[in-house]
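Have a look at the structure below, then the notes.
Naming follows writing order (A, B, C, D, E and F), and every chain is counted from residue 1.
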Amino acid sequence: MEQHDAKRVVITIETPMQRRLLAAIEEAGVTGYSILPVIGGSGRSGPWSAEGQVGRAGGMVQVICIIRPDRLDGLLDGVFAVVERHIGVVTVTDCTVLRAERF
Amino acid sequence: MDGLLSLALTNLGSPLILSFVLGVAAALGRSDLVFPEAAAKALSIYLLFAIGIKGGVSVADHGIDLRLGLTVLAGVALSAALPLLAFQLLKAMTRLDRTNAAAVAAHYGSISIVTFVAGTSVLQTAGIPSDGFMVAVAAAMEAPAILSALWLISRGGGSGAQVDAELWREILLNGSIVLLIGAFAIGIIVGADGLAEVESFFVAPFKGALCLFLLDMGLVAGRGLRRSRDVLTPGLLAFGLLMPVVGGVLGAMAGMLIGLPTGSLFLLTVLSASASYIAVPAAMRVAVPDADPGIYLTLSLGITFPFNLTLGLPLYLALARMLTGG
Amino acid sequence: MDGLLSLALTNLGSPLILSFVLGVAAALGRSDLVFPEAAAKALSIYLLFAIGIKGGVSVADHGIDLRLGLTVLAGVALSAALPLLAFQLLKAMTRLDRTNAAAVAAHYGSISIVTFVAGTSVLQTAGIPSDGFMVAVAAAMEAPAILSALWLISRGGGSGAQVDAELWREILLNGSIVLLIGAFAIGIIVGADGLAEVESFFVAPFKGALCLFLLDMGLVAGRGLRRSRDVLTPGLLAFGLLMPVVGGVLGAMAGMLIGLPTGSLFLLTVLSASASYIAVPAAMRVAVPDADPGIYLTLSLGITFPFNLTLGLPLYLALARMLTGG
Amino acid sequence: MDGLLSLALTNLGSPLILSFVLGVAAALGRSDLVFPEAAAKALSIYLLFAIGIKGGVSVADHGIDLRLGLTVLAGVALSAALPLLAFQLLKAMTRLDRTNAAAVAAHYGSISIVTFVAGTSVLQTAGIPSDGFMVAVAAAMEAPAILSALWLISRGGGSGAQVDAELWREILLNGSIVLLIGAFAIGIIVGADGLAEVESFFVAPFKGALCLFLLDMGLVAGRGLRRSRDVLTPGLLAFGLLMPVVGGVLGAMAGMLIGLPTGSLFLLTVLSASASYIAVPAAMRVAVPDADPGIYLTLSLGITFPFNLTLGLPLYLALARMLTGG
Amino acid sequence: MEQHDAKRVVITIETPMQRRLLAAIEEAGVTGYSILPVIGGSGRSGPWSAEGQVGRAGGMVQVICIIRPDRLDGLLDGVFAVVERHIGVVTVTDCTVLRAERF
Amino acid sequence: MEQHDAKRVVITIETPMQRRLLAAIEEAGVTGYSILPVIGGSGRSGPWSAEGQVGRAGGMVQVICIIRPDRLDGLLDGVFAVVERHIGVVTVTDCTVLRAERF
């Protein structure tokens, strides 16, 4: 099966910032992403869990973008502008994809 | 004073408060008892809808008068003013920096709808009527406090708060407000006949459903407390207990000025005394990300909410009765 | 005509429809009000079970007669035939290709159980009885439409639809059908005495629970509309408003032929007028992946469902009354 | 014997059991009917809270006597002793190794709270009273069985079980126990007056809610059976049907010794006959990871639970009546 | 700690196709996978969110298979047959695992 | 955008072991992780699904740690001690992160 190089960008961010992050992603010309729920975690601001929340203020989501390598810089710039002052983790991994025409 | 004590005991011995206490105890004992997030959200939708529609029906029954407008205005003014007061208190009592102090202050100007709901339940047990429009007052008090807090921050210079039109839309159209006001409008339209159709869902089981919700709130508050013990300085703790009383007294005085009857004056007191832990934290995360949620959530949810629920409510009812002779 | 208008107004002013409207408004205003997915699923299980068991108990009470068999047959025939009609209308009114037109057509032969439930609620308010077996008719009408649509596609040649035994099992044993028929059977077995035991859960709070469910349906429909504005050509829009009326009239005529009384004739009309948005979309995604869900979901959920709920129901009731003199 | 048969038929024809059967059938037919996990958890919180508070109120009404203490002691003894018996039976009837046999045995010493709840429902239908404190007995019987099983394993040498203080805390403060005992305590404090406030939530709709929960339990049991057909040897199957009867008879004899009246003796029988599928499996995963959950879950949830629910309950009731002449 | 090379295959696919995908995976001789919920996303067919759904038609899941590198081609062939005509994204990443005997 | 090398460690483990795993992670000096829900899967012990559960005994979660490469061995040792006798899958992937100072 033919595979093509791509980048897998995973952004873990607070739920209240989700809408803004997606807007930034789309502005960077990336229209493909998937959102996964995060039910708990820990970081510099201590541990939290979805069950320990009443509002959505404390929750997080994971946004995954599979992109062509040449779009990486544009995406990261846009994402960073949103994440900069907020908590959130951004990782980039090399991967390969089937059907490269879709990215 | 004797009446106050017995009132407090009645309140503490109600299934509602005991459910909350059970939740706190389970969380502090690190039981694995958890309430599924989806169930908690569904319950809160139920409670908001129920309280909204009942308020609307009551307004449809009794008609609208000047008092409604005045009370909404008073609510907005209280919501906008209380953060300024809270900010000064925080500056005097704690070592919080301007940003954190302003963020905390925003919570105390805004309101906790669950405390409000528990207040209506206390009124019902005591057989005291209240105005249906208090639901609208609750909704009106959610947002102004945020504005005051942002003003406090921007006045201090620095990187400042990040507020845009989008954020304002999010604050003003947040789920709770839309649901509360929407159900309130539905209640006004359908009136008592319409309510009768859905009474055995929204009215009769209400208190029992509130028990389970308070059980979950107890779990959340308890877990929050366990996690943030380190955050809580004596100054913060004192603020979390003092501020609701101060806010409540101001609310009661405003109610006196307008001439509210006992029940509604009590509810305005409760709203002023209560602190937000849903709408305001979400807004703060977006607009003031440098403020530490560990501080404001612990205070409003871990200290002030339990205080209001257990000791505050009977205290405010006694105050309301004293002031109105009711 | 005057009666029709007042009927429409009564319907529009009921808590059920207002809850739906609130949901649509909140979604269009981009409020962050959301109903947890799990709560919506749980509510729909509750509603299906409640309506199934009540139907079964009513059949147990009144016995089974020839009408049941005839009405189920009529339902199956309608479900199979309506897609052919819808397909022709779509060819005439829109520019959809064969695959998309057939996929849309499948939805209109099948049914929306929530519209059905709202219909029973309208009957209850109007004090008109209906046959318990209409629940079984509803279940029987879910699947035949899918067969017709797949036949339409395969007739057109091309890559065709991918249908296997597994898909048929999924369609025929989908959760809603199993629950509806299962609860119906339970109702037949336990009868009125058995229902009495669980009445205060399945009967009394039913309408209130339906309010919350319709609130969620409103949110879903509103969000769908916001997202798919571009998809909606005038032709599609007209189809989404015309087809339910056409289907409803045919359903009513079938009911006349069988000699159904007012209530049941009304429900057969409602079933024929309604369009699926749960079972059929899932089947289409598997069997006809090239068809665009944006088109069929927008039409059935964003246009036809709201139309039926608000204006359709009173219209169909007036029609049923006229035809039966009831 | 005739009475036993009619009792069994009444039980089998109740909405509760039929809902369970529907769930099993849907799962075996591989329908995609699923109950959202969050809804199932919320329902179980509701049921535990309801049964706990009702038990507590009944104790508040009737006072505490020596019987309570004796029955709790008997429950603890049964829970600790039954695993030893089950272990011997497993050694004789099956080829399980020591670890798996001990893990299975633990489940049969502990209890299934849903079976208990269904038992109270059977009593209610039959109009037989029971002691409110049986709820406390249920809670007391959850954990001792785990201790016995761990002792059985450690006695056999080998890598042994991994038990630490943390695990004990988890077992003793697991959500169900905390909720049951907490609600029980709330019931004792608030008494009949407090219960009246929340009756239309916790009492009236109880049986209907239990229907939906048993529907889900049926789905879970059916799915479990489908997946683990291979695991089920004739010996295991026989054990899964024999052990509850043996346990039930021992429970009934203990009840006789204490002099329990019909209702409470029946419930002690049910508790002894039932097998855990929530608390014990979780503990086994942590402490005895080498034991195969496919075996113990299939037995307790797929065989013993359905048996108790359908045939066991009427059998145990007949036994309790015979022994007490009630 | 000794680590062994492996491949991490992630398939994002519509819920109605889940059963068929898992059958294809098993047919390819792969018996290990985990399923994660996806609560929203965007692609060529526009944005969607789990909250905007009534049925399961619109939802997606993420199926993750950790496999030995030599099984990759077989798995991708089987997966592709299912995903081909359907929406869905397939990515492959190099990773290492503990306890290689399990894969 | 400047990126820094990091390791992405993903541990899929039974829910009853979650608390112990997190304790082990923290003991290894790693304070950053996110927890994602797993709704089903299959492995040597056969297939399971979150909907087929009554208790939490059968559920699984995915714990993701983004760490500096030099912390990998310590983390894996701690994790392995917990996972050893239990079911659970551990994978390690190379990735890059923004804001390396956070890890």
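Basically, a contact is a pair of C-beta atoms (placed from the backbone, for glycine too) under 8 Å apart; a residue touches a chain by one contact, two chains touch by 3 or more.
The shown structure was predicted, so the numbers you read here are calculated from the model rather than taken from an experiment.
Engineer: Using the contact definition stated above, find the chains touching both chain A and chain F.
Structural biologist: Touching chain A as well as chain F, we find E.
Engineer: Can you give me the shortest step count from chain D to chain E, moving only between touching chains?
Structural biologist: 2
Engineer: Using CA atoms for the superposition, what rotation angle relates chain E to chain F, in steps of 5 degrees?
Structural biologist: C-alpha superposition angle, chain E on chain F: 120 degrees.
Engineer: Between A-B and B-C, flag the pair that has more C-beta pairs in contact.
Structural biologist: Result: the pair with more contacts is B-C.
Engineer: Taking all residue numbers at the chain A to chain E contact, is the shared part over half or under half, that is, same or different?
Structural biologist: The interface of chain A with chain E is built from mostly unshared positions.
Engineer: Compare the CA centroid of chain E with every other chain's and tell me the farthest one.
Structural biologist: B
Engineer: Using mean C-alpha positions as chain centres, tell me how far chain C is from chain E in Å, no decimals.
Structural biologist: 34
Engineer: Once you find the CA centre of chain C and the CA centre of chain D, what distance in Å lies between them?
Structural biologist: 41
Engineer: Can you list the residues of chain C that touch 2 or more other chains?
Structural biologist: 32, 34-39, 42, 200, 205
Engineer: For chain A, give me the residues that contact two or more of the other chains.
Structural biologist: 36-37, 47, 49, 56, 93-94
Engineer: All pairs of touching chains, please: list them by chain label.
Structural biologist: Chain-chain contacts present: A-B, A-E, A-F, B-C, B-D, C-D, C-E, D-F, E-F.
Engineer: Report the residues of chain B in contact with chain D in the complex, numbered from low to high.
Structural biologist: Within the complex, chain B contacts chain D at residues 13-15, 18-19, 22, 25-26, 29-39, 42, 125, 200, 204-209, 211-212, 215.
Engineer: Any idea which chain A residues touch chain E in the complex?
Structural biologist: 1, 3, 6, 8, 22, 26, 31-37, 61, 66, 93-99, 102
Engineer: Taking the complex as given, what residues does chain D use to touch chain B?
Structural biologist: Those in contact with chain B are residues 36-39, 41-42, 45-46, 49, 53, 169-170, 173-175, 178-179, 182-183, 185-186, 189-190, 194-195, 197-202, 205.
Engineer: Can you tell me which positions in chain D touch chain F when the two form their complex?
Structural biologist: 34-37, 40, 159, 162, 166, 217, 219-220, 223-224, 227-228, 277-279, 281-286, 289-290, 292-294, 297, 301
Engineer: Give the list of chain E residues in touch with chain A in this complex.
Structural biologist: Counting only chain E, the residues touching chain A are 12, 36-44, 47, 49, 60, 62, 73, 76-77, 80, 83, 89-94.
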